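Listed next: structures, encoded as structure tokens.
Both complexes below contain chain A, partnered by chain B and then by chain C.
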Partner chain A sequence: MIKLIIDNIPVEVPEGTTVLEAAQSVDIPIPHFCWHPALGKAGACRVCAVKMLDGPVKGVQMSCMLPAQDGMVVSTTDDEAMAMRKSVIEWLMINHPHDCPVCDEGGECQLQDFTIAGGHGIRRYDGKKRTYNNQYLGEFIEHEMNRCIQCYRCSRFYQEYAGGADFGAMGRAAIVYFGRQDDGPLQSPFSGNLVDICPTGVFTDKTARFRARYWDYDMAPSVCPHCSLGCNTVPMARYRELLKTTARRNDHVNGWFICDKGRFSNAGVNTPERPRQALVDGKPVSLDEALDALATLLGEFLELHGPDSLAIVGSTRMDLAGNIMAARLREMLGAGTLCLFNDTDRAELTGKAVSLLTTENSASQEDVRSADLVVLVGCDLLDEAPMMALAVRQAWRSGARVYAIAPHPALLPEGEGTQPPLSPGERVAEGRVRGPLPFKFEYIASLADVPLAETKRPVIICGTSRQGLEALKNIQSAFALPFTKGGSGGISSSIETANPPQSPFDKGGLQPEPKLAFILDGPNAFGCAELARQHHGVALSAALADGRIKGIISFEADLHHELPQGIAVLAAADWRPTGLVARAGVVLPTTAWVEQEGIYINNEGRAQRFKKVMNPGLPIKGLTPELHPPRVHGIDAPGGDVAPSARLIALLMQRLGEAVVDEPLSGPWKALKDLDATGAGVIINQREQA
Partner chain B sequence: MDTILFKNNPPDRAVTFDEYLADGGFQTLRKALAGMSPNDVQQAVIDSGLRGRGGAGFPTGRKWSFVPRDLPGPRYLICNSDEMEPGTYKDRVLLEHNPHLLVEGMALTSFALGVERAFIFIRRGYEQAALNLRSAIDFAHKAGFLGSDICGSGFSLELDVHLSAGRYICGEETALMNALEGIRANPRVKPPFPAVKGLWGQPTVVNNVETLANIPAIVAHGPAWFKALAATPEGSGTKLFCVSGHVRNPICLELPIGIPLGEIIDTHCGGMRPGSSFKACIPGGASTPYFTKEHWAVAMDFDPVAKAGSRLGTGGVVVFDQTTCMVAATLNLVRFFARESCGWCTPCREGLPFVQHILERIEAGHGEASDIDILREHVHMLNYAFCALAPGAMGPVEGMLRLFEDEVREHITGGKCPLGN
Partner chain C sequence: MIPTQLRQELEQRVAKAITPREAAVDVMKGLQRHYGWLTDEAVADAALLLGLSPLQVEELATFYEMIYRRPVGRVVVHVCDSISCWAMGGETLLRHLEQRLGIAAGATTADNAVTLLPCCCLGNCGNGPALMIGDRLFGPVSPEQAAAIIAGHRESR
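Up next, the complex of A and B:
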């Protein structure tokens, strides 16, 4: 550890820490623009000047560039350092347009903060300001170059961190320009991070333009529901409309960034098509009435067909509590089946994947970023889990070798997507992201060619496809991974019964055991797999196949195939306008994830809590005069008579005669009751659960 | 007086390869490869006291000695021919007259450093020099002084000329390496220094044209001979001085380093033009503070010039007579530097245009007394820029404020340029 003194406070930091970070570690803020924890030092803005009073370096120094060393005595309040910082702000303000009142960044602008903090107030430059033309960068990001302070964060992120090639720094001297060769949508699937990373208002979220100030927003720590990685976010809403989503730092998961799919897929929460009204046979009723009707309907159904013919359907996009309650409902009714997955393949593969993960071998995104060898098995990262591709890029940038085996059909040998890159609009509209992978990889046919022995921190990333799992079976025999410990969850019974080859990892730890990451299907796929194991869940397609099932009650479920006509959809609870909702006898509108608290268990088995961001209800924008402004005093918002699925199930169970309904996070899930939404999350271990 | 660089240069054309050979060219390389170790060559350069001729004056041999000998992978030598300092044209004259000297110098240096791939980074404007170099490299190749197994010694060297899109900042060695790698010519963070982690992350030495062209003579004649060439006992070698401005005979000359400023102007440039009297000069390229008549006797070598408050820099002397407005002259230089900033760091990118604006205001007669404080502030604050461009740019401003403050104040109090600009 390095010992130094900053502003009379003794500080102890690990070697390699900069003076700026050392100061931050004891809550001494030093202004900075170009420095960013994820991008490292650049030394460009010069605003982090401090005075070195004693030690190996003397005088005014840039704290972001200077590694902390023993014996340093640092002052952040020294006159000379403060004068330098004031000068830098004055220089930056020479050309900044001071258009804060009409700038979307106003109120959350680092430049505003540090200008105030820096003490520059009186303008001495009386010449003309430099002006630029802005570019059209697509429908998601607004470009306002006049505000630019040339910290180079955007181009460093876009080109170096994210591997984008269509955006960067151009020109020189006082006319450096950050943009594209020509107007056009940014091609990188991570372009939205420019909004977060820009310390001022050059890049702002166009979808929320002029809608609110920072302090107007309803916001809370949340988790992205758009793939299985569980990237941490802060959704921001106003007047019951989800306006934008920003990245929330979690060093174990997404680091500082999120992908465009996660950032710009907000419209679904606000859409007029969203079910917000409880219906019984198409007639609007209150939520309570709908539950009453469902209880009656259910009683009739059970009497007529018996519990065996009922399937309770949960889903991998529903939060953990909802799925737990679905399982409880099924138990209470003695219903035939609990279906948390649509088809047999998905259920089986996800179950197998999850059974292979342990607390030790499960790879977080951070494990991937710091890996020295990455093997991709049967997955199309940019499509299925974009941030994982970004994580692999970080490993690759630090020198990790990347190999792809068991190719995903969408990947060409060179690593190019077979389809042309989609524009951000298409990406979000189609819910997918595609383009060239942002790293180079070697395409190898056989696992034996992976030079695992030469590495210290290898990670295998596997898609949850039959192809991927098949390939993993080969890995298992090739490297004798201790995959079979999971008992019935093992990959293949033939391997369990055969004599496994001697594990190279048993020989005195000469080789590290590769960590594993699976790309699952849905934000709570891991949780569903675990519940399916605990409660002997069956895939819906399998349940339907044997002909016993006559009716279903579905919670936030998507069906990939048309449900046979003979199956009655007694009720569908959802916040999305799905085919099941259209067919359901009773429609129970639920809250979207941003309107409730809940837990998702991500692909690595990390349980993460998300908080309620906003109140449910029709967005005020677009309301007709009969609904807004309100003419009657009341506490309910129009369209706000909705509830989380878990709550709906609890209410239904009460109506069906359950005297005491336990809260969802009890029994095996008790440990998650006090899960902190702002922490790292908790890794669930199937074996411990079992 | 012995010369090295301009020895036997025909006045109006380049030395041919045959002439160079006839004059003993490449004999030093042949001898060194046959009888000297790389360390011998490096030691000779260390002992010679040769200091970098690109402007900073860092001891060349010491720079070489920073290259770690035990790192795996290739190491590189780059000849910095991005001569863009206003008032400086010595490298162009040298390359247009005798490119073979540089080729031999680079071969010797590469031998000393264990380099097998060397680059000459030359600015776009120097097309003739680049042509000459390419032809010289061709000849050397054919004669077996470049390529593989040179003179049967086992030592191999490939030499490439890179005609760069170039800007002033490319003269900064780390920005040069970025430009050579094909990325933006912004300076790099130091440390790591190029000697450890340079071009493509490998150990790299960057030397100026004139520096490298001195190597054959040093190796041929020895350090003592080289030292004795200087005009003072402290100095070593000769120096190219390129003089421009209000002198009778503006010329690029090879003179003993340490020669007094006045002697360069009076003896070698024929004095001032008729009707002109000496007011000031830039002693070593646009980024050096002015000298006035009081500096007439200063020995033109690195340390004496620094002691006198300026820098020897490149040896590009620009002479001003009594009609020159020092505010206008300084403004002209600052305009250049403001334009040539790479735009990486705030002090340089935003500070220099601010200084330019203030100088324009003063020169136009709209200056205020507080403007002088702003200029002084910038002379100080621009020292905290990322690289040496901004502090260098403030050299003339500092000199103007130190030596010609009265003239600046006259602009402000009189509301116009006293010299009638």
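Up next, the complex of A and C:
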């Protein structure tokens, strides 16, 4: 550890820490533009000046470039350093437009903050400003080059961190241009991060420009629901409309960034097609009336067809509490089949994947970023889990070798195999075709060819596909990973086998045991697999095949195949306009994830809480004067008579005669009750062991 | 299309480099000799040869001031406008040449003979004010000497 003094405060930091980070560690902010924790230093902006009063280095220095050393005495408030920072800001502002009131970045702009903090308030330069033409960068990002202060964060992120090749820094000296060679949509699936990392307003989210200022937003820590990785986000809403999504730092998971799918898929929450009105046989009713009707209907149905005739369908996109309550509903009824997965394959594969993960061997995105060898097995990262591709790139940049086994057709070079089409909801950018993976890798025939012995931190990333399962079996025999879950009870996924198979890792630690990451299907697929195991869930396709199911009630479920006509959809609870909602006798509109609190368990088994961001209800934008302001008194906003699925199920259970309905996070899930939304999350088997 | 011989030469140059990027300047210069300036087509050629994207070639092309992304005259005169030459009268030199040639700095004469470009330090500070034509450095030069040097190049072309 290194000991130094900053503004009279003794600071201790690990070797390799910069003076700027050392100051941050004791909450002394130093202005910085080019330095970024994920991008490192560039020394380009000169705004982080401090004065070194004593120690190995003297005088005014750039704190982002200077590694902390023993005996340093640093002042951030020294006159000379302050004067330097003030001048630097003045020169950075020389070409900058003085029009914050009409800039969409205003209020969430580092340049504003540091200009004020640096003490530059009055403009002295009255010469001509350097100006640029802006480019069309696609439908998601607006370009305003005049606001640029040449910190190079954007081009460093885009090319170095994310591996994009169509955007960069052109020109030199007083004329540096950050853009594309020609107008056109940015090609990187991580392009939206430019909005977050540019310290000024050069890049703003085009989908929500000039809709609100920073202080107007409803914001809360949340989790991305668009794949199984559970990247941390801050959704921003106003007037019941989800406007933007930004990345939220979680060093174990997504680091500082998110993918474009996670950032630009906000429209579904606001769409007029969304079910917001409870219906019974197509007639609008209140949510309470709908639940009354469903309770009666359910009783009659079970009486008529018997207890085996009902399927209670949950979903991997529904939060944990909703799925727990679906399972409890089945228990209470003593009837019906619990279906949390659509088809048998998916259920089986997810169950197996989850059973293989332990606290020790489950790889987080951070484990992937710091791996020295990565093996890809039957997965299409850019389609199924984009941020995982970015994590692999970071490992590759630090020298990790990357191998692909049992290549997914989409991984094959162009022309070989067929590209599986992206589903329409995932095609986030017009004209954007999925590009190549942002790292180099080698095909390898089998896992036996992977030079694992020479590595220290290997990670295997596996898709939950048939190919993945096949390869898993090979992995199992190659590495003697236990393939079946031993033990039982609780939510433990730890593996206890009576006769542990001979593992090459047991003997003298010749090889490090590889960590595993699975790409699952849905933000709460892990949670559903665990629940399915606890409650003997059956995949819907298997339940239907059996022929006894006559009707279903579904909660936020998407069906891959059309439900046979003979099956009655007694009720569907959802916030998405699915086929099931269209067919349901009773429609129960639910909150979207941003309108409720909840928990998703991500692909590594990390339970993460998300908070309620906004109140549900029809977005005010788009409402005609007849509808807004509302003419009827009520406590809910128009379209706001909705509830989280877990709550709906609890209310239903009350109506069905349950005297006391336990809250979802009880029993084996009790320990998640106090999960902190801003923490790292909790690996569920870790919690069990603690 | 570039001639096969040039393509092969450039391919060999790239093959010799440890990373293709380090051959970028040589490739761009080779193509510039062929086209007269680095045309859009040449940027695309260079990108293919180097395994870079056209944007990445553009980044390099616009960084180096001896790579011309616009058409230039047969003789390109680089007049240093950095601090040492400025202290020795570089500014006056540039003004004089603008007058003599009847063009503003950055422009090309109507007969397409001479392009006049201010440039950053030529590393010839001891001999300021300095200018450069092709690979040849001149300095210190008076406005008259400079005019004579340019006239000489103009004729020899």
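Everything below uses one rule, namely that the second predicted complex is superposed on the first by the 641 of 690 C-alpha atoms of A that agree within 3 Å, B and C clash if a C-alpha of one lies under 4 Å from a C-alpha of the other, contacts with A are read in each partner's own complex, and residues count from 1 in each chain.
Criterion: a contact is a pair of C-beta atoms (placed from the backbone, for glycine too) under 8 Å apart; a residue touches a chain by one contact, two chains touch by 3 or more.
Note that this is a predicted model, so its numbers are computed, not measured.
*Asks:* If chain A is used to align the two complexes, do chain B and chain C fit next to each other or clash?
*Replies:* These partners clash in the superposed model.
*Asks:* A:V88 in the overlay: touching chain B, chain C, both, or neither? Say first, second, both or neither.
*Replies:* A:V88: touches chain B, not chain C.
*Asks:* Contact-wise, after the overlay, does A:C45 reach chain B, chain C, both or neither (first, second, both, neither)?
*Replies:* After superposition on chain A, A:C45 lies in contact with chain B alone.
*Asks:* Touch test for A:F167: chain B only (first), chain C only (second), both, or neither?
*Replies:* second
*Asks:* Between chain B (first) and chain C (second), which does A:I324 come into contact with in this model arrangement: first, second, both, or neither?
*Replies:* Neither chain B nor chain C is touched by A:I324.
*Asks:* Applying the document's definition of touch, where does A:R180 land relative to chain B and chain C: first, second, both, or neither?
*Replies:* It touches chain C, and chain B stays clear.
*Asks:* Residues of chain A touched by chain B versus by chain C: which partner has the larger set?
*Replies:* Partner touching more chain A residues in the overlay: B.
*Asks:* Between chain B (first) and chain C (second), which, if any, makes contact with A:Q150: first, second, both or neither?
*Replies:* Only chain B is touched by A:Q150; chain C is not.
*Asks:* Residues on chain A in contact with chain B in one complex and with chain C in the other?
*Replies:* On chain A, the overlap between the chain B and chain C contacts is residues 169, 171-173.
*Asks:* For chain A, which residues count as touching chain C in their complex?
*Replies:* Per the touch definition, chain A meets chain C at residues 159, 165-173, 177, 180-181.
*Asks:* Provide the residue numbers of chain A that touch chain B in the complex, in ascending order.
*Replies:* Residues of chain A touching chain B: 41-47, 49, 60, 62, 65, 83-84, 87-88, 91-92, 94-95, 124-125, 127, 149-150, 152, 169, 171-176.
*Asks:* Give the list of chain C residues in touch with chain A in this complex.
*Replies:* 43, 52-56, 58-59, 62-63, 65, 120
*Asks:* Which stretch or stretches of chain B touch chain A in the complex?
*Replies:* Per the stated touch rule, the residues are 167, 169, 184, 189, 338-347, 349-354, 357, 370, 374, 377, 381, 384-386.
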